[in-house]
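Multiple structures follow.
Both complexes below contain subunit A, partnered by subunit B and then by subunit C.
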Partner chain A sequence: MPTPTLTQSIVITLIQCLLVVIFVFVVVPLTVFAERKVLGHLQQRLGSTRVASGHVGFSGWMNRRMWKMGRVPVLSYWRGIPGLVGDVLKLILKEDIMPAKADKFVFFLAPSISMVAAIIVFAAISFVPGTFFTLPAWFPFVGGLPVSGGIADINVGLLWILGVATVGVYGIVLAGWSSNSKYPLLGGLRSAAQMVSYEVPLALSLLAPVVLSASLNFGEMAARMATGMPAWALVPQVIGFLLYFTCGFAETNRLPFDMPEAENELVAGFHTEYSGMKFGLFYLAEYINMTVVSALASAFFLGGPWLLPFGLQGLLNPYLPGFLSWFGEPHAIFFVAKIIFLLFTYIWVRGTIPRYRYDQIMAVGWKYLIPVALVNLLLAAAIRCFAV
Partner chain B sequence: MHKFLKTLIPFDIAKGLSVTGKHFGQVFFTANRRKVPFHIVSEYPEVPAKVQPRYRGRLTLLKDEQGEIKCVCCLACEKICPTQVITIEKGKKEGRKMPFPVRYDFEMERCIFCEFCVESCGFDSIILNHQFELAAYNREDFSLGMEGTGQNMFEPSHVGKFSVADD
Partner chain C sequence: MFKNEEMEINLGPQHPSTHGVLRVKLRLDGETVTHCRPMIGYLHRGVEKICENQSFFQGQVWTDRMDYCSAVANNLGWAEANEKLFGITVPRRAHYIRTLLNEFNRIASHLIWLGTHAMDIGALTVFLYAFREREDVLDINEAFCGSRLTTTAFRIGGLREDLPPGFEKMVHKFLAKFSDCLEEYENLLTENRIWKKRTVGVARLNAEDAIALGVTGPMLRAAGVAYDIRKAFPYAAYSEMDFEVPTRTEADTYARYQVRMAEMRQSARIIQQCMDGMPEGPVMAKLPKILRSEVNEVYHATESPKGEIGYYLVGEKGSLNPYRFHVRAPGFINLQSLPKMAEGGLIADVVAAIGSLDIVLGEIDR
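Presenting the complex of A and B:
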């Protein structure tokens, strides 16, 4: 296999970035759409089934076509999807209002911090260990070179992810402060307190995989957690998964911990004063954060690109018959499937559990999650000490 | 200890998730599929609504095998009707022993679809049909009689056009 020169490796990295960005911007709008459909189904409705418009214009023409096609009773699961385009168009075309006494620069900066902090995390996420695919020989300039499964599978990947994800809090706090209004300020403060509190059990629950796998490299951790664990490691993995995913809900401000957007107390939390695409950036950042949390949870606890969760793959692999060896190998499709399932779980939980009160959120975080995470860490350390 | 474990292990959340998950599965796998006997949700205008046997639609006069109106003008329905939407005029017809309704007016505007008239009828000569779509654009369309082609007491009402799909 030829060794790439510096420029060639830069081009390959750009290709990887493009692929990741395509992945993110395919998954995120589909999650927004799926949120409507799944929430509807959970409440025994169908969700959005039509493009909302009159009889005029392009969407009206589509409307009429779809009504006509709808004469045949078919399962019309995807018919609400053009509404997504409408949503994005609305956000882009809407007037961007800035409060008169807002801090202009910070007001402008806050949504971009949120968005950048959310999307930059993907740099350290490796979708599949080793080579993802090899570029075909006819490809200009970089033909025949391998493209690895992650953009930068660095040795301190987890640190990078946790650090950058924490920067996202700045976006929210600055948004609340710079709006120069009471409700956004309160919402931003609440959200900051909540996210800072939940950083602790989140990091503690992620420490268990670190201890077990003795690495901070994303791909290596995923590989060791999936295949190199003794049977005893199942327990801290399951507990850690529940802990991590609960904290993930709080980190992404999703519904059971949906404090910043408590609609009856604070108008809309930190983004009360935001409109147009600036609000759209917050919205996107929330969904990208969901994807990131799902990716981390599936990599460290659900076996990542391997098929079976909780380290069961490593226990099964010696007994796997030869013709099923495809299921014993890592594949990006397993990883993506797990991410999508966890995103579904996000919506599922949103449709099931009512919102906690603010003090209850804090109580759950400090009184239950942190002690359990510490016990879990001890357990993992003991297993590391005696069983591995 | 029991309570502590109950707090720690999210049984209740799992129970709630299973309930909503069941709803999701039911709707996801059966929506719009009429072949599935107990589908919960369907898209209404495209997929016609499924009507239960006891559904109470519009009042309809029945005829027997010879095409004769079964009604014998006992006026039971007129008397029992809580909103008094039925008006019957007795008459005679050649070759018929029983009285014959010359006029049978029914004002659907005020009807509350209580089915008392059908229950009180001793001759099984009226029913509430299974028509689901009874809306109309004109007020006159709700006063039904024995004359007329579309809006009369014997056939189902015209369905009001309510969407572009009906063009």
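Presenting the complex of A and C:
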């Protein structure tokens, strides 16, 4: 394998960035779409196939015809996909309103901070250990060179992730403050308190994998947690997983912890005054953050790119036919599948439980989650000392 | 060192959880509410004055539009107040059908309350489940009188028409599945830790305060006072029905939730009894073409889903329309208790309190 020159490695990094951005911008709209679909099914909402027959136009005509033929209309509004496109178009085309007394610069800065902080976290996430794929030889300039499964395989990857994710709080706080309006201010204050509080148990619950894998490098941590522990890392770290995922809900402002934007109390919380694509950036940032939290949870607690829990791969591999042999290997597809499952869990929880009150959230964070996280850390240390 | 001042904030009139156009003026110390005043009047149409300029038959249309979630209950009060004014005796079958529809209406209204209250607290799914069953009740309304929401279901003296064919089947279909549906809602809420955290002990209104403020309906019964006009002063066919008045003593939001859920079960029981014991006979009393009132005044109170709805009618000699008409709207009077419940709590509790009040602004502003 040839050693890449500096320019070549920069180009490869750019290709990786592109892949990650494509991944993010495919997964995020699909999550938004899935949220509608899953919530629709959970809540038994009647969709376009049931109610659009009264509509005018092509879809309505199609619907009526198909009902008449005794079939459920398949094409009616194309199963809601145009709604997704319409939403994005609406966000882009809508008038961008700036409140008269807003702090213009900060008002503009806040959504960018949220978005950038959410997306550059992906720099340290490795989707698959080692080489993801090798570019074909005919590829101009960088042909035959390997593309690794993550952009930056740095040895303090987790630190980077936690640090950058925390910057996202600034976006929300500044948005709340710069709007110069009362509801956003309350939303911003709430989120400052909530997200800072939940950073603590979140970081503590991630310390357990650090202790167990003796590394801060994302890829190494994922590999050791997945292959060095029984049943991925779920058996020794089930408390850690639940803790981390709970705090993840709080970090991403999702139900039951959606305090900063608690719709029925604060209208829309910190982004009440935002419209158009500025609001769209907050919206995107929320979903990207969900993906990040899911990615971390699946990497450290659910075995990351490894399909089967430790031990079973070796047992299964001899029986797999050749073309299925990649089943036993770590693969980005398994990682993405786990991320998608966790994203589904987000939506599932949203459809099931009500919202906590602000003071109750703080109580849960400080009185329960932090002590439990400390105990979990002790447990991990004990496992590290005596078992592994 | 720091300037410490309270923030005044308007909850409404355009706000996701004010159930229409209620405006609540809040003064906040951090997140704690120190001062809370509901401001009303954004939906004022002058229903009472309009009714004074219309004939007795026409007034009923306006009662639909007061509390539009419980139009049938309002119709019933109006019709019975007029019958009292004119001394009309309504056939027994009409009484039964009225009771039946009134209880369906109670279920529909409580379902709206359940859905919106749960949504205010963040449980979105319950909202859609509740509306699914409410749709069936509206279908039953539609089968009976042709309209779904603003029903104008009854006439002074009885009913315009008898039950439509196939009505019984619809009712039985609804009753067969309704208890399962109630269980479905309760599975999502009753033992849900977050739901309990948000409602238990929140927005208390004890019996003494409730009586002093004139609060009626489920709010009062959740404070331990078993006052239900259906039992205390039976009207329509309620004296022949066997049902319980559910009460709780905790007087908080959770107690109101439990009371209303239990009331829906009792309503289903009453509907079943109405269907079983439905007498035969005419549904309309003999009436003159034009009703001319004597000098007379009546006050007739019925138990609407929200509480005591009272109609005060004054007749004039030979007049076609009431001389004076006044509605004792339960929502309006219950809303007075909001400051008592909300002050000292957090801003999220104001939302829970408004939800547990079960207000409809059409009735409060009239």
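Here, the second predicted complex is superposed on the first by the 327 of 388 C-alpha atoms of A that agree within 3 Å, B and C clash if a C-alpha of one lies under 4 Å from a C-alpha of the other, contacts with A are read in each partner's own complex, and residues count from 1 in each chain.
Everything that follows uses one rule, which is that contacts are C-beta pairs under 8 Å (C-beta built on N, C-alpha and C of every residue); 3 or more make two chains touch, one makes a residue touch a chain.
Because the structure is predicted, anything quoted here is derived from the model rather than measured.
By the touch criterion stated above, A:Thr3 is placed in contact with neither subunit B nor subunit C. Using the contact criterion defined above for the overlaid structures, shared-chain residue A:Val372 touches subunit B, although it does not reach subunit C.
Once the two complexes are laid over each other on the shared chain, residue contacts for A:Trp348 go to subunit B alone; subunit C is not touched. Of the two partner chains placed by the overlay, only subunit B lies in contact with A:Leu242; subunit C stays clear of it.
In the overlay built on the shared chain, the residue A:Gln44 is in contact with subunit B and with subunit C. Within subunit A, the residues touching subunit B in one complex and subunit C in the other are 42-45, 351-353. Against subunit A, the residues of subunit B that register as touching in their complex are 7-8, 10, 13, 16-17, 19-21, 23-24, 26-28, 31-34, 40-43, 45-47, 163-165. In the complex of the two chains, the subunit A residues touching subunit B come out as 38, 40-46, 49, 55, 63-64, 67-68, 70-76, 242, 348-349, 351-353, 368, 372. Residues of subunit C that touch subunit A in their complex: 7, 9, 15-17, 28, 31, 118-125, 127-129, 132, 188-189, 192, 194-195, 197-198, 346-351. If you check the complex, the residues on subunit A that touch subunit C are 39, 42-45, 182-183, 186, 190, 255-256, 258, 262-265, 267, 350-360.
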